[in-house]
Amino acid sequence: MPHPTAASGRDISRRNRSAAFLEGWGPALVFLCPALVMLCLFKLWPIAEAIHTSTGTFDPGGQRIDTAGFDNFGFALSDSRFQWGLWLSLAAAIVKVPVQLALGLAAALMLRANTGGNALVRAMVISPMFFGLPVTTFVFAYLFDANVGAINAILSGIGLPRVAWLSTEAPAQLLVLGLSVWRDVGVTMLVFLAGLSAIPPQIAAAARLDGAGPLALFFTITLPLLARSFQFAVVLATLASFQILVPVLMLTKGGPTGATDLASFQIYETAFSYFDLGTASSMSLLLLVGLIVVIALELRWLAVKWTYE
Amino acid sequence: MIAMHKLVLRSVTKSYTKGTTVLKPFDLVAQSGELIVLVGPSGCGKSTLLKLIAGLEKLDDGQILLGDRDITDAEPRQRKIAMVFQNYALYPHLTVRENLAYPLRRQKLRMPAITEKVAMVARQLRLEELLDRRPSQLSGGQKQRVAMGRAIIREPDLFLLDEPLSNLDAALRTHVRGEIRDLQRRLGTTMIYVTHDQVEAQTLADRVVILRDGEVQQIGPPQEIYARPANIFAAAFLGAAPPNFLAGRVINGRIDVGQASLPFSDLPGECRTALAGREQVYLGLRPELLRAADDHYGDHLVLHGAVSSREIVGNTQNVYFRTDTACADMTRLSALAGRYLTDELVWTTENSNTGDTVKLAIRPEDILFFDAEGQAIGTHGSDTL
Amino acid sequence: MNRFSSLTLRFLLAAIFVAPILLALAASFRDNSEMYRHAGSLSFWTFLPSEPTLDAYRRAIALPRLPMQLFNTVLLGFVMATGTAVSSLLAGYALSRFRFRGREALFLLMLFTLFIPVDVILPPLFFVIRDLGLIDSFWGLALPFIFSPVGVYLIRQAIEEVPRELDHAASLDGAGLWEVLRTAILPNIRGAVIACWLMHFVFVWEWYLWPLTAMRRDDGQLAQVAIAGLIDPLRSTDYALVFAAAILTIVPAFIVFALLQRFLTSSQATTGGK
Amino acid sequence: MTRSALHAEPNRRDLLKGLSAGVAAAALGGLSPAFAQSNPYAGLKGEPLELLIWDGGAFVDNMMASVQAKWSAVGGGTLKFRKVPFGDLDRAVRSANQGGAGPDVFLANAPNVITYKKLGLIEPVTDMFSKEDLEDFFPTVRLGSEIDGEFYGPSTNENGQALYYDRQLTDRYGIKLPETLADAWTWDEWLRVFKEIQAGERKRRGNEQFFALYPNMGNTGLFFSGIFPRSAGGKGSNAWKMVSDDGLKSSGYLNSAEALQGLQLIQDIHHKHAIAPVSTQKDMFYNDQVAFFCGVPLYLAPIKKARPDIDLATAPVPFIKTPIIHTGSFAWLVNRQTAKMGDAKLFVKFMGSPEGNDVVARGWTSPPIRKSMVADRPEFKTKPMALFIDSITEWSVPRPKVPGFSELDTMWSRLEADIVSGGDVKALADDAARRIDAQLRRYA
């Protein structure tokens, strides 16, 4: 199509026609549109809503009756129960993350070869993920019942004392965390499997020629080269440990004597049992900030400074 | 079928957001059917220029015309330009047949027409056997042919080739080079060919464009650039090996190069005038133009040297030697040439019976003269548009 | 490690992960009193039905709203997985291939939303859905989770792996922006797209609190939430029924998972390779 | 609110419905002349009503099907249901009107009435019930729903409590248990028997997992276990009241010295005496794993079905100082924002009437809410039902009347679980009382 070649005319036309290029917001917006709309509506708006809510006082029917400023934050932070809940959430991450990473890495190393049998075992390791949280939690409640559960039947059958899983502190914590790890190991394994397959085989070959045995190979080559997967897996596991809720809600209700009173559960209870929306929102935001701090620290410790060429 | 498609670039400029200029205002007219080779070291802006022509990047300023169309702001697909990429960019999920058909299907051609064209191009490029394979099942040379096939099948107004041979081994490279040249001649389509290989530039090009840091150093037919490079960079770039550079001093109607000396009277006239009034000059001596000297060469520049090493390349020999006339400012020269230079000189000869010392002569008209800034003296390097 | 011990180890690993589910499956073939009779002490029948019966399945199928609710779960899975895959594909394409101001910042912002624990923002999310008038509707359930930072991340990484020359070639060959995505990029990141789809399909089975909050019609409710409602605090829980219903609920997810699981382990699916 | 305006003009379909209702009423009138003279459901439009109920599976479904049949017969419209899990019922009611039209009628946990009234969620239905009606209700039915002289809705049924057991078992040990409230035993008397039976049965069965008592704790909140602290005090004492008279304070009540005694007992039956399992499964009595089961009449039918082999008997619930049981059940309440106020109120009136309540109470295998209805049925005069009826008339009190009952119940459940797990009773009770007060203060 013939075009006027005068410089001025061209400049205008270029601005109009810039949609033809992969530059500028215009064309990108067309593709970003669905994601952006969802992002704003369902991620950012709720956060804004939470911030707004956190500054209000609400009646037990959920009606805003007053502005509270930062009082809700002060109240939440000075509440010994919430302090304990935050600490528990952190402790859950401290226990869950390394255990889950170790198990996930072990599973990935064991199942990395692409054989039919391995594919089957991999599918089994992932399977808790798609059995759904409510159902798996209910199965666990059935298995771990103190008096009529299969686990205690096994324990007493082999001569060990029965454990009151849900009404003793350490076992209840173990159960809630164990359930969470059991469910999430599959994800960690997938992350590591992907990381392992990204390591060029020449590197391992070179290291072997350089005299590395299997252990040295693992600690000096494989592990460092998995650093990115490590980062990703740690972040995912930390997120998950701060979000443990349904098992607590269905199994322990935060008990016994606060042993599983995680911050996430307290937030749910404050919002949906006490309808104290202002406090609940400020607790959510505090937990969110805590989570971001923890993840920022983790990312700092696990910073990866190399790249493949 | 000769399509009349002249490519005109007018002060095309490109810089990236960080403020680094990739391309200074660039002008070029490629005549219809002409094969232009863009050469330069990596990062000189040649690939960027290609992407600008193709419309894959947006230019900051300037104008691009193809035939009678202003394509400055056109979408890539509207430009009727075909491009062959360094890594061929074949669609890995499609067979060779589907790869070839892809551009035609984008033009919404009917199936019978597509089949016919694919068959024709496959015949032309000897791809018939490969049509049902996927790119991963092809050798480098075959991939290259498919990429060419995909480019020619839509009969574009302009071909762009981005280092199309760099992934091939040396023997194949020579062969494919010839094929590309033949194909281009046969189709008569204008072609812009980017490479960093001076051999390709010399053997293929109707005209060569030498680029450095986003700036044109010289444009011209390869022989002319070889004979009369516009500056040290162009001289060093085109030719089997870079010239031997020496520093010379202009004193009283002669040029002293270490202990050797050359009177003005032996130089061509235009050189003489250009050199007059200067102090410091650089001399460029092409290795292949040096010859063993005996006493006959009275009007030549004669160098004496001690051989340090030699290497045999087929029936020729590269003799490395040092002279007392060696140039002290190799760092400066290296910077001007854009490549690393040593004070060792090289002589390319067919006669391998030389001793530990050499005495070499060069005709004055074969010597390249450059000023202190590296610009040629006495020759007009670049042809104008 | 010799062959036998490596096999044993794999078997143990698999057993740990499937045992609870298998026990639930076994329990769905018994009735409550038979189960309890053997529950207190260890024997073969602690785990397996001594008198297998399909009674629980008969009763589960007879639950009047379960088929509808199961349909809801599956439909929601399809809609959400497809919505997420499409929105992630488009966003990933834009974030990988387009140059615009604030691109990295936008990507980081999207990733940041990964850090927002879903259960923690339930109350504000409920208010948002309420203000949009979507409470008790299918779209109220689905829309908030059609955007997924994990999906965008996965797909963007996968697109980054596709050489840019491929889009360049396609656009010179006459493809527009959409056609480049459809004909040049999409076929080469199929693995990642399917993984993304599958991940979000299965994700629906995880849901409990959100549908409980945002869906208050029982014919619009999801099967797994409704099943949790079978756990009656006032009367004895019919375990066999709950497990049978749960197993029925899981079947569609399991079939889809079995069909597509190989895509999950492909490297580009989870971290995009590098 | 985008609710469609009230139908001022009945359309043709409504007319048809009204006509059929008239026919039905005429038919009924033919049987009972008194009824024909004053149709109590005059003005019924026959609009479809939406009910918020909890999901009780086939059990509730069947019952509501019968309700629908009877309701249609008096000219009512179709009933639609919005079902939520039992644990989610309170939240569902409180958020029912958020996001558009809520259901017309709530079936809510009865002690929450005061909360919903405070939050302005419900409409009084005093005008739907005559003085005679109100006096015919069991006292706790009326007391539970009466606030500031207004009546908010009748219950579904009444709930006595008793200990279920197998008479063959006690006969085996030659133990004679109390049969009537007059002979009721205190915990101390029961403990001796519990221990003896548990030890004997464990030996006989060779099963250490056989227990004497399932006290029905866990998930049921105050209903069963709340009577432990309350019965430790004298009638009218702080422990008996559990919360202050204004319903806003539990410190000094829930954690008074006497109440602590009752709380300690909860712990002791699980630990010191070890006569109760810590399991939260309800099935242990059904499955012959405990000897005694504390429950409401609702369990009669399922137990008989599950254990046809046993000689099912009942005994009065143990007490510490003052005999007490909690009654009250679910209440029918009218959503204040309903667009069908007339029909909704009439529906609640219907559910409080003998014909309406009869369906539900029978469905629940529980005593009905009216004394007159009990008098009509001979099975209530014999054991086991007679004991439940007696416990309602003589021992029953409504659960503590507090705004924010749901909050109280949540924290109670937590306190109870912590006590069962073996924590320090006084410290736990003090902390719980403090936290309950903080929540109740929001209703002041």
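For clarity, chains are labelled A, B, C and D in written order, and residue numbers in each chain start from 1.
One rule holds for everything that comes next: a contact is a pair of C-beta atoms (placed from the backbone, for glycine too) under 8 Å apart; a residue touches a chain by one contact, two chains touch by 3 or more.
Please read these numbers as outputs of a predicted model, since none were measured by experiment.
Asker: For chain B and chain C, what is the smallest step count along a path of chains that touch one another?
Answerer: Counted as steps through touching chains, the separation is 1.
Asker: Once you count every C-beta pair in contact for both, which comes out on top, C-D or A-C?
Answerer: Result: the pair with more contacts is A-C.
Asker: Taking each chain's centre as the mean position of its Cα atoms, how many Å separate chain C from chain D?
Answerer: Between these chains, centre-to-centre, one finds 39 Å.
Asker: Suppose each chain is reduced to the average of its Cα coordinates; what separation in Å results between chain A and chain C?
Answerer: Chain centres of chain A and chain C, defined by C-alpha means, are spaced 15 Å apart.
Asker: Hey, how far is the Cα centre of chain B from the one of chain D, in Å?
Answerer: Measuring from centre to centre gives 94 Å for this pair.
Asker: Can you give the whole-Å distance between the Cα centres of chain A and chain B?
Answerer: 55
Asker: Using the touch definition from the top, which residues of chain C touch two or more other chains?
Answerer: Those would be 36, 40-41, 225, 228, 231.
Asker: Find every residue in chain B that makes contact with two or more other chains and list them.
Answerer: In chain B, the residues touching two or more other chains are 55, 75-76.
Asker: Can you list every residue of chain D that touches 2 or more other chains, as numbers and ranges?
Answerer: 95, 98, 209, 281, 283-284, 289
Asker: Under the stated contact criterion, what part of chain C meets chain B in this complex?
Answerer: Touch list, chain C to chain B: 163, 165-166, 168-176, 179, 183-184, 187-188.
Asker: Write out the stretch or stretches of chain A touching chain C in their complex.
Answerer: It is residues 22-25, 27-36, 38-39, 41-47, 49-50, 53, 107, 110-111, 117-136, 138-140, 142-143, 147-150, 153-154, 156-158, 182, 185-186, 190-191, 193-195, 197-198, 228-229, 232, 239, 242-243, 245-246, 249-250, 264, 267-268, 271-272, 277, 280-281, 284, 287-288, 291-292, 295, 307-308 of chain A that touch chain C.
Asker: Report the residues of chain D in contact with chain A in the complex, numbered from low to high.
Answerer: It comes out as residues 90-91, 94-95, 98, 115, 118-121, 208-209, 211, 277-281, 283-284, 289, 403-404, 406-407, 410, 413-414, 417-418, 420-423, 428, 435, 439, 442-443.
Asker: Over in the complex, which chain C residues touch chain A? Could you list them?
Answerer: Residues of chain C touching chain A: 6, 9-10, 13-14, 16-18, 20-21, 23-24, 27, 36, 39-43, 46-47, 83, 86-88, 90-91, 93-95, 97-101, 103, 106, 109-110, 113-125, 127-128, 132, 143-147, 152, 177, 181, 202, 205-209, 213, 224-225, 227-228, 231, 239, 242-243, 246, 249-250, 253-254, 257-258, 261-262, 264-271, 273-274.
Asker: Help me check something: in the complex, which residues belonging to chain A touch chain D?
Answerer: Answer in residue numbers: 59-62, 81, 145-149, 156, 164, 166-169, 253-258, 269, 272-276.
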